[in-house]
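Going in written order, the chains are labelled A, B, C, D, E, F, G and H, and every chain counts its residues from 1.
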């Protein structure tokens, strides 16, 4: 509820157009709608410029479909993360334009293909096993209205592979850098560019990788200063934040 | 070395203006200067848009002063982080304009007060004990050429204190959110704004705070999607990244 | 064995009504009954005001059923936690009134619907994925003789959703606050009320959530002072403690 | 700001007694006062029934004294935690009635000795080294208007010491149970009573005690169900929560 | 190879009964036999007084059976730990007297029922879920030639259950104390007896039990001084050590 | 209170020699004496066969001296652990026979030099830095009435140093094995003997030794089965347990 | 790209044999080839002396086969790690000479059996459960052109088993030492030889082994100084490094 | 004791030149000498090719000096690690040629300057704060008879600094790579060379560096395969291992 609306409400109260009880109630009530198992927040996209997003794990297919059906009534893109092909088939029935992104399990429904981000979001991954997380970031950035490109398998063990793409690096306005194991890529990339780098540790690795904690710690300790970190495997979060930055 | 420079070099080689040996050497040599104990990297500010920065702990005062003296020859602002009043006094002798920021121990030398950041960077802290880290972020942002403001002691235990400043929140282009203990503030702030939020966990707390790990984990798990995290107590890093974003 | 009973025993000894051997034995023997694989403790409900509770995992269905059959002989409500629909069907045969609570897997058998708690226990959850744990707390509180209500999906990312229910918050005598990920909800709720808040971290999340440790640490570091914490996913324990407090 | 006050405000607006601008401002402004380094929140005691509390570490003596002087203007008790004898002497000058609690470093200023808690708060400690934390809990409970007693050095290695005090145990309405090392005491005490037990792990111990983490984990895993846990060494928090419960 | 045998060897060398080369070889060769995938060490029982033991997980049934067949040639009892009913059936074919201990998965083959331990080994468990580990300890102690008894489900939440068995406690020469969750039982038991207590943490629990780490830490921090600890779920190790002590 | 004493009490009650009130009180009262800051438990030595022990850290010298003075009235040996030379000098004034053990800081007062342990307790240390912990174990074993010897600096990096002492190893009835860093010594020693080995990890080491956690974990995972573990640096506990075993 | 090649390129530029654009491109482009899902790096074997290696987990069989087919065109040996028998059958169809190493799941394709390593690589394992990791190291070393032997099941609990093989130990030029549980073997082996020892912790164990972390920490704290450590279960890495050392 | 010596001993026995008792004793006795607080192992240098080394922390100056005096009698170089200038002055009195290495606190005494290592050992450090550890490695390598050079402050944030030294990199036979914070340098260096890289994590950093654990984990997870890791800050161990490899 904006300050303006409150002002209007107070004017209505003063003019006697609005009974006290209802004024009180409106001051308390904030805009959301109750589906029983989850409150959809239509205004969230207004407040935050996001598309609607559904995190699939732990939800039954019919729950997801029912939420999608409701969401289809307004104009936002829809993104379902960590879905399955089976879920995709059911969603497809209520949303013709749904697309399945196999590696990451993302399902995207684009009703609006306008590009609102100002520059290019580049998603870099260190190894081939990091691609599912990178793809989630890529799809998220696109659904949220950005131009996005990828650059995969350019880990620090073979610097020449990364170095061969310096033009791509310098073309980006925001970089998402996805890496598991020792998580060294964001430090190297951060040292080569002057744009923000969002580091995404992945759970790729074994033993002392501790399900991604090694990469996470490495990224938090990065010796460059244009890097910030999101949760392990959180490609979605990185895509969102990149989009928020890219709209500035 | 930019692509253009390499092109020029190749042209010189073709024209015979540049002997092979020297061309080879220039291709290999990259611009830095050796002080013995630390390589100053003048070109870093070109590449990354940063001022020169010295991390004081573990360096002897005369080392810091000698680096400062060298840096004074060019036009960048200088920032010394985690210094002491004693160090400040010595720096002051070679740099008249040096200022000491007591809570954070930062020493700033501004030779250039141009504002290059496009919007306001707002630094929020949860508790009074978080202020030293917040101040480091604030000073860093300013030294790097940004307008920056602070909003301290607005932790989630008293939401009304934060809510009373929503206009300030919405005026910011980038928000730095500093919190120790349970580290809940970035999630709350992130839900109220649509700009990037850089979360800085602090080591404030005791027992299960585990020197800031509790706050760090909380921030990495934030349920909002416009938040990224830097290292515990890393006010400097947050200020840098905010500045990089604010220049976009 | 109360002090009174010991006194009576000593009197009987003095009067010669009780042989020494039996007196000695009674002093040593405490009231319990041996089923072989688990000692049912009928007197526990007297001592602690609890219903009888069976923790299902690791027990075979026939073991559970046999314990339920024994418990049916006295007047307490019975609660089976973390059961399955299959177990429910078998329990139903010996306890007609059994009810299955699907999300949490709880099975409740109410033989006594008297309300003994003095006020309302409110169970709040941050996200939809936290509901199973919240439901376990809710059912537990009810089985133990309390009025209990729920308020789900009011996480700190959308404060307006929580704020829209301040009346519900202030109506509660005890609040159970269930949250995974960054576990910030108890701090926010604790700052809004003046009743005890029992925080339940959940294992909801991934990566740096570390199976609920992030939420647990956050809650232990809460900056409000009316919050205490129980084990990760321990909805049952929270319901019990809330009931103990609500009977005071 | 209570619902009633908002109603009154709206009535004033309707009657024209209150200009729009000021109404708007009052709706936005919440009651706090700015000292620069920390916002005192006079209304917190109203909202939460607490005395005013100052956490001393990291604050300079003059800061503490200046806050105390302000607080002396209203009627609440004041509690300074983790202070020193030196700090106490300075506080004493502005608050004659200040008392120093040596073991815990607490400084209490009682302006109001009314007992508002309904029953007895019993503070139990396992070993003599746990007493500082226990004392902090005890002083906190008293300053917040409760009758409180202590029972120290009754660890589980000598059960008879605890058993000799069962009457004291059953006299309590709330129990605070302080223990380091293996943190077993709350489980034993919780099994003997039917009132809420607030468990406080302490950092007493060495090696595998991991600064209190061993005791913390033990308490979180307690096999009794009337126990909840606060942060390591957080005697203050335990005292607050006990007081909140004791006022119910 | 004992000192005596070396002496005899040297005598043989001096007398010329043993060629140098073979003497050298015998000094180097130590008695073991190679099965390819595992070296059986017949002499281990001589050196350590143990029966032969096979740890089943990770071995194929035919491997286990082939080792058992070899072992059957000498006079020791045989113990297979963490087996399955299927494995038991195959072992039964080559060892008629094999017995299956269902809860722990142990398979015992007793060829020698002489009791060599001097006193009683008492195995105590805190909860019913700890019984599998306790049973492994019990069977191990018996197979190694000891009289052993059990006392299950006497956790500290209901002290009277433990107290009702003090005679059993004082009858034991060695006590094995098995507990998960908060692991408090060994401290309480250790305070009641004056014999060695071997504490076995179990992985019973969830959340902050961290797969038995909570119990392990608690036991290592025990405030009594007749307790030592073995690995989580290591009933076998506890049984062995108890046997070694009981033979002293 | 033994069963016999209770029987006698009941007889007295029956005979009318003991008034009810006093019988009740005696049943409730258990023998300890209150010094204010710590309950001395004279009967503990009866129940557990220990000398009286004072853990010095965190106690003021006058507290220690006052406890010592009281203890001097009965016949037990006294052990003060982790003291200082200064403390020793003060203790010496009230206990002429006090001895200071410099490396471990132990202070022993022997009033009774009878050997009650049946065999030799051998204390082995891996490195010279482990000697303080080893000495604490040695002194403890001696004060508790055992013959004890030491074997220092026989770490696994130079097996020949250990091997040169196999006779000493086989002479022991109980072995205490003290090691920091990788904590490998107990496994090697345990494989060479058939007596119980009490493993004591020390905090000797740096970096990945994690203050002794590396050694602790190694010992808990020992591949031999006559090893149990006590807390990091807990020489005292090892000495106690060794003594309890040696009296069997 | 070697220095020589750059020199030649510059010469071509000067002579006008190479247009600027192509020179620039060649300076930027480094030799790799894009398969879409993974960049094969033919030159890696040149730069690092390795065979080509494919890490199978997370790759679909057809992906592996397609990479193998490409690799078959050049002369290097090929190693697929952590494969399955099913994968082996498919690889076999395109690479007749493929061999399956069952315990480790390695698939080796040797096109070149020249021995390039200068000495013997000895792979030692502590227990039978460590053999899969040891075999991976062994196969890796062989595929990379080394003579390699194994010595299994020589853990420190039975030192005589290891001691019986001292000749084998002294024959090796590099030793790989594989151990789980307490990870003590590398320290013992390192003390017996004067060649480099590469320690490989394995995830063998349970409870406090923490999936190999106990062994890892032990090895990092080894008291001998010819030991370095690779990741848990990383037999492949150990084999590679041993090969690199053995070629020196 | 070598095989040859045993053979000679057996011959002496056969010839009757050596009485049985003394033969037995010699077989048991291994060559070391007892100083009371530490067994000097003169033969260690024979067996392992090391100089004698003293780890200073925890030893009193007179102990160190007394050990040095003994060591001076033979021909090895002596290295004292982690000493102080004060210790150096005392050592200097008994060993004229002692040199103090200020940053690392190493004290070296070279009696033998022969170079026995076959190639160059290159010590690389990421930041200036890592130099103390790097220097310890460098001095160790030199004392052990190797040519060693350093390359400091070439962290991955400024790749050009490292790239400008590729010739130095390719000149090395063994590389020691020292880095704190994110520990990324060994992965980058390992990808550029084909010699063994010994990675040394340092405790440089703060917050999520966790005293070097972040760097340690990163290095263990290195995506290149010519890297092995030693303990945090263990420059000495790296120098030793590099020397062992360099002598091959």
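Methods note: a contact is a pair of C-beta atoms (placed from the backbone, for glycine too) under 8 Å apart; a residue touches a chain by one contact, two chains touch by 3 or more.
Since the model is a prediction, treat every value here as computed from it, not as a measurement.
**Q** Could you give the fewest steps needed to travel from chain A to chain F through chains in contact?
**A** 2
**Q** Give me the set of chains touching chain E intersected with the set touching chain G.
**A** Of all the chains present, those in contact with both chain E and chain G are F, H.
**Q** If we look at chain C and chain E, which chains touch each of them?
**A** D, F
**Q** Which chain's mean C-alpha position is the greatest distance from chain A's?
**A** Between chain A and every other chain, the largest centroid distance is to F.
**Q** Applying the document's contact definition, name the chain pair with more C-beta pairs in contact, F-G or A-D.
**A** The greater number of contacts lies at F-G.
**Q** Just curious, how far off is chain B from chain A if you go by their C-alpha centres, in Å?
**A** The answer is 26 Å.
**Q** What's the distance between the Cα centroids of chain B and chain G, rounded to whole Å?
**A** Computed from C-alpha means, the inter-chain centre distance equals 41 Å.
**Q** From the mean C-alpha coordinate of chain C to that of chain G, what's the distance rounded to whole Å?
**A** Centre separation, chain C to chain G: 54 Å.
**Q** Return the residues of chain A touching two or more other chains; collapse runs of consecutive numbers into ranges.
**A** Within chain A, residues 3, 158, 166, 207-209, 213, 216, 220-221, 231-232 contact more than one other chain.
**Q** Name the touching chain pairs, please: which are they?
**A** Here the touching chain pairs work out to A-B, A-C, A-D, A-G, A-H, B-C, B-D, B-G, B-H, C-D, C-E, C-F, D-E, D-F, E-F, E-G, E-H, F-G, F-H, G-H.
**Q** Which positions of chain G touch chain H when the two form their complex?
**A** Residues 3, 47-50, 118-119, 167, 173-174, 194-196, 198, 216, 220-221, 225-232, 236-238, 240-241, 244-245, 248.
**Q** Under the definition above, what is the set of chain E residues touching chain C in their complex?
**A** Going by the criterion above, the answer is residues 128-129, 131, 152-154, 158, 160-161, 163-164, 166, 204, 206-209.
**Q** Please name which positions on chain H make contact with chain E in the complex.
**A** Contact set of chain H toward chain E: 3, 6-7, 10-11, 13-14, 16, 20, 23-24, 27.
**Q** What part of chain D is in contact with chain B in the complex they form?
**A** That would be residues 1, 28-32, 37-39, 41, 44, 58-59, 201, 203, 211-213, 216, 231-234 of chain D.
**Q** Under the definition above, what is the set of chain D residues touching chain E in their complex?
**A** 126-127, 155-159, 180-184, 187-188, 190-192, 205, 207-210, 213-215, 217-224
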